[in-house]
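One structure coming up, written as structure tokens, with questions to follow.
Going in written order, the chains are labelled A, B and C, and every chain counts its residues from 1.
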Amino acid sequence: MLIHQDRLFPAEASTRKIAKALYEQVRTLPIVSPHGHTQAAWFAKNEPFPDPAKLFVQPDHYIYRMLYSQGISLEELEIGEPELLDARRVWRIFARHYYLFRGTPTRLWLDFAFQELFGLDQRLSEATADVYFDTISEQLRAPEFLPRVLYERFNLEVLATTDSPLDSLDDHKTIRESNWKARILPTFRPDPVVDPEFAGFSENIAKLAEKTREDASTWTGYLNALRKTRDRFRELGCTATDHGHPTARTANLSSAAAAELFYRVLAANADAQQQELFRAQMLTEMAQMSLEDGLVMQIHPGSARNHNRKLYEQYGRDVGADIPMPTNYVTALRPLLDQFGNERGLTIILFTLDESTYSRELAPLAGHYPCLRLGPPWWFHDSPEGMMRFRERVTETAGFYNMVGFNDDTRAFLSIPGRHDLARRVDCAFLAKLVAEHRLDEDEALEVAQDLAYRLVKQAYKL
Amino acid sequence: MLIHQDRLFPAEASTRKIAKALYEQVRTLPIVSPHGHTQAAWFAKNEPFPDPAKLFVQPDHYIYRMLYSQGISLEELEIGEPELLDARRVWRIFARHYYLFRGTPTRLWLDFAFQELFGLDQRLSEATADVYFDTISEQLRAPEFLPRVLYERFNLEVLATTDSPLDSLDDHKTIRESNWKARILPTFRPDPVVDPEFAGFSENIAKLAEKTREDASTWTGYLNALRKTRDRFRELGCTATDHGHPTARTANLSSAAAAELFYRVLAANADAQQQELFRAQMLTEMAQMSLEDGLVMQIHPGSARNHNRKLYEQYGRDVGADIPMPTNYVTALRPLLDQFGNERGLTIILFTLDESTYSRELAPLAGHYPCLRLGPPWWFHDSPEGMMRFRERVTETAGFYNMVGFNDDTRAFLSIPGRHDLARRVDCAFLAKLVAEHRLDEDEALEVAQDLAYRLVKQAYKL
Amino acid sequence: MLIHQDRLFPAEASTRKIAKALYEQVRTLPIVSPHGHTQAAWFAKNEPFPDPAKLFVQPDHYIYRMLYSQGISLEELEIGEPELLDARRVWRIFARHYYLFRGTPTRLWLDFAFQELFGLDQRLSEATADVYFDTISEQLRAPEFLPRVLYERFNLEVLATTDSPLDSLDDHKTIRESNWKARILPTFRPDPVVDPEFAGFSENIAKLAEKTREDASTWTGYLNALRKTRDRFRELGCTATDHGHPTARTANLSSAAAAELFYRVLAANADAQQQELFRAQMLTEMAQMSLEDGLVMQIHPGSARNHNRKLYEQYGRDVGADIPMPTNYVTALRPLLDQFGNERGLTIILFTLDESTYSRELAPLAGHYPCLRLGPPWWFHDSPEGMMRFRERVTETAGFYNMVGFNDDTRAFLSIPGRHDLARRVDCAFLAKLVAEHRLDEDEALEVAQDLAYRLVKQAYKL
């Protein structure tokens, strides 16, 4: 077997027993996935997923960044190619290097999918590469592996995508208009039209104007265009926005100063500091709109995007060369919090790639401000040890109820059950330790386990 | 039962057994509390404590910051009111939300007090709110709950308060002049007269001048006024000073430059940088005076005070909206250490809210400079996981003997036994792990447990 | 006994059993020591080591920094004296204060050497000081304690020293020219001639010019002199360079700008920023040369050297007052990585004293760039808890195969077996936890244990 029924539970027998008992009560709860990067098109079209390499290797920068770090070129892996020339060859390279993933969550997610979805039970390696390729390829053609069937089989209750304000959301409409009862929702991610450093920023705003029939060359028109787009998203069930800025900086400019800054960035006359200030101001504007329309804000700051210049020039964004940076929250968020920090009707979910902020800044902030909640461990930290560190550093100050449950944040649809299962197990392991050390009673731990797996996410994201 | 006799000990049986054996040897040692925020007036007047809400909820920002974070207003909790209009109503709100404290040290401290002091054994909740309120209210009126009786019942050997240089210390005098044999000592906390950003700074200095009959409008007179005030504190048993600056920055200006800076801040002509420089210089001046008069220095840097602007405008200082900031020590302390770092007659105890400095800066500094010692985990980090992180990150570089035992640092007198008990348990758990992994012999662990619980604090604070 | 056969293994029985089984398979593997500060002269001359104080106390700043922190002067310890006046007196001071090392790795390393090398089995203390002194002194005079015999007894396969470009490497030549089959290699550490703040920088460059017969007063000549010196090191088996800069900053100047900067620093006309920029540029130049000649680069940044001004003025460098600083990698390394980050023929091994960078910067960088590898926990973090934190924070993102095994980094030759033994035990403990929690299969863990103890270091350092 690839995966063990007691995986991720503490070895100590009495603690493991508690963890297992807790896990049994959350194992089959529906999956609520409020933030991720799956494609609505898969469910709109409901076509079979392609071959194993296209499915597992090509879209997953967790996988190919590791292979790349060990000297395998992106060319060999056919990254960026619309169609794979030789999927089996790519798969074999991956299989031969599967040992590189020892000790990583990627290994755990993959083994879960291999065994639970495809019934594989021998470890992936050079020797088993072809068995894997053939087994998975064959099953992918079967009707029970169509996207909609998998959605149901995964026991998904909600699945949110992440979408540009310029997206037509046609796939979302198609899903809604079909008879299918799934709940697949868009998320409003305005980076292309609020971040002056985003490729095509001013063209994007022109398109936004066109789509909304607003004069987005004025500050007021621009804000109205954003408001209208949020409404368009909300009509399709959207409950949240998402903001991927380099920092968590916010600003609180006067209307006049904000307008002037807008004209400067729109005219491409802004320097790096002014661009940063504009993003900062836009977070505060988004908070204002959220207060009006009820959308929950997610802030994902602190990634140095496209760190590898040569790869970026050749392949563009999102090829696995984003590196976390030290991130400040206590000063950065102050302008926004000065305005809206005490609003009970506003929810802002903070994420971080800088774990040193967990106990120093994030837990104290979320343990005080009514509008703040903490998102789960993100990206590089979405792992057993990373999750444990998060719980250990945050809970004692902010408690469990200023957290929002789990996000899978994945581009790999097939990893969703494995990712949620891993999170539930680690949470049960954490709670079991508290129970075993008499820091929490078992009946309370059970309630918390259910809250972390199911209730908190629905409440925080208004789902 | 609310608390279990094995709480906070590792679940693994052999390690737990060692932890229990160690704990048995430190459990009944007297409590030495060298730093905290209890009121001398309680012991001077020796009047009954008021009702449960006034006792537990109103003064404790650990409690109401959590309630506030979940949307309960400070008005509902009657924070800041001299007399509670409806103490039972406040208590019921707290009881209904007691589940928010799951996994926090506040929960452990409270359950300890509820069970050990008041004999309660059902969990606090909406259902038990009134039983609690009535039981506690009744007992508080009994003679065995008078402050002086509790002091003795708690097995306190020393209790230090924290006091402004402008305080008359009359309550301390009253205690001394009574026949009561307790050792309650003031601590010299000069922030109101050395921090130019402290409310009423120049008025405070004028008052200091008046009290000391020094001309505090001159640099020399100001320093003399501070010296005289330190002497006044020392006459009442004070052995330590305390400094709550935004940063750990120190300076080493010439006398002339320091004097000029003093005139500038006194005339309110100093900008933020100059105000910071003045605080920095004053730490070095305080070290000079400590070298002369033997007072131990405590430095508590790194808190962004009054982060929530609206609450600060409405309620003033200390309403739970202080947020830690990244804190530097290695550069910041250099000017002071250049002067006094090698003095064996000086003791400076460093605290932090930035755990990333434990292994990076604080342990290496304390593991080298003769004058430096490390204070225990502070504030947000005064928790089981926080204490364990401190021991794990500091001990391997600085050893146990550059630490100073435990501080309860509390405003809540009734939490003192529970806080010390928690610290002793966590230390025994840490030591038990070292013994179980054969990194320390059991006889040594026992000696260290006693040092951490009792001997080191007396030695470091000269008690 | 001083050391227990199960030391450093988890107490939980099933995990301990796995750890022991893994350890049994790596316990006797040869020691490869690719980075450290032992002296080639010991092996060239092969003379007996002197007395215990000279051997253990005087060269080891881990030991005397702790004693100094507790008020023992360097005079009392005769630090810096070429010959000890009273070695027994120094040893007795150390013995009396041996309890200070409880909980530190120094204690574990020393106890290992005391028991395994000298057969001592009573704890060092004031009472046993003389027994220790006499026992060790006597044995040091025996032939089986000569440096070359110890090298073989320690099962060393490779031992690298760290050497100035101005070093004649005569001792290395002597070793090579003897019939002795050991592999003792120099490491090229150019700080004296690339760091403008290094004492005697311009004189050092003049000496370099003389040694290489290059005109090092020109930028080209200077680079050629460095190239020639690298060649001289390589001829004696050197496979690596080492760079101990205050920061990890790199630069990517044009040739003309680099030359101009060189003339400025050589003329001592450079300010602190320009000196830093020169060091930054030189890291990139060194990477260029490494690409040409194949030497592996090690970067050891982030130490504030000689923090204690008075000790530095009296004793010079390296007396234990170096304190880690916050260190940035993600921005600092970008200029170098822009040039060479994607080169598969280049290996750069990164170290840190700032543990907050493990999961935030170092693991993501090493988990992406083909040229980057992560060195083991360094200096203050080379300890059981420090190693465990490293594995826990790095493995999940970078995997095991972007690491390079263990460095002992020691000046204390006799600590080498104990240090490697400790590292192997902690790695087995870490792996055992993964196995016990079903995150890794036991056969894989065994392979990884061997990789971490032996194969990865040989591969990364090209040994």
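Just so we're on the same page, a residue touches a chain if its C-beta (ideal position, glycine included) is under 8 Å from a C-beta of that chain, and two chains touch if they have at least 3 such contacts.
This is a predicted model, so every value here is computed, not measured.
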| item | value |
| --- | --- |
| Labels of chains that are neighbours to subunit A and to subunit C | B |
| Type of subunit B:subunit C copy interface by residue overlap (half), same or different | different |
| Distance between chain centroids, defined by C-alpha means - subunit B, subunit C (Å) | 40 |
| Sites on subunit C at which at least two other chains make contact | 10, 12, 356 |
| Partner subunit B, residues of subunit A touching it in the complex | 10, 12, 14-15, 328, 330-331, 334, 337-338, 341-342, 344, 356, 359-361, 363-370, 372, 392-393, 395-402, 433-434, 436-441, 444, 447-448 |
| Interface residues, subunit C side, partner subunit B - complex | 3-4, 6-12, 65-66, 68-71, 99-105, 108, 123, 304, 307-311, 320-326, 353-356, 380-381, 383-386 |
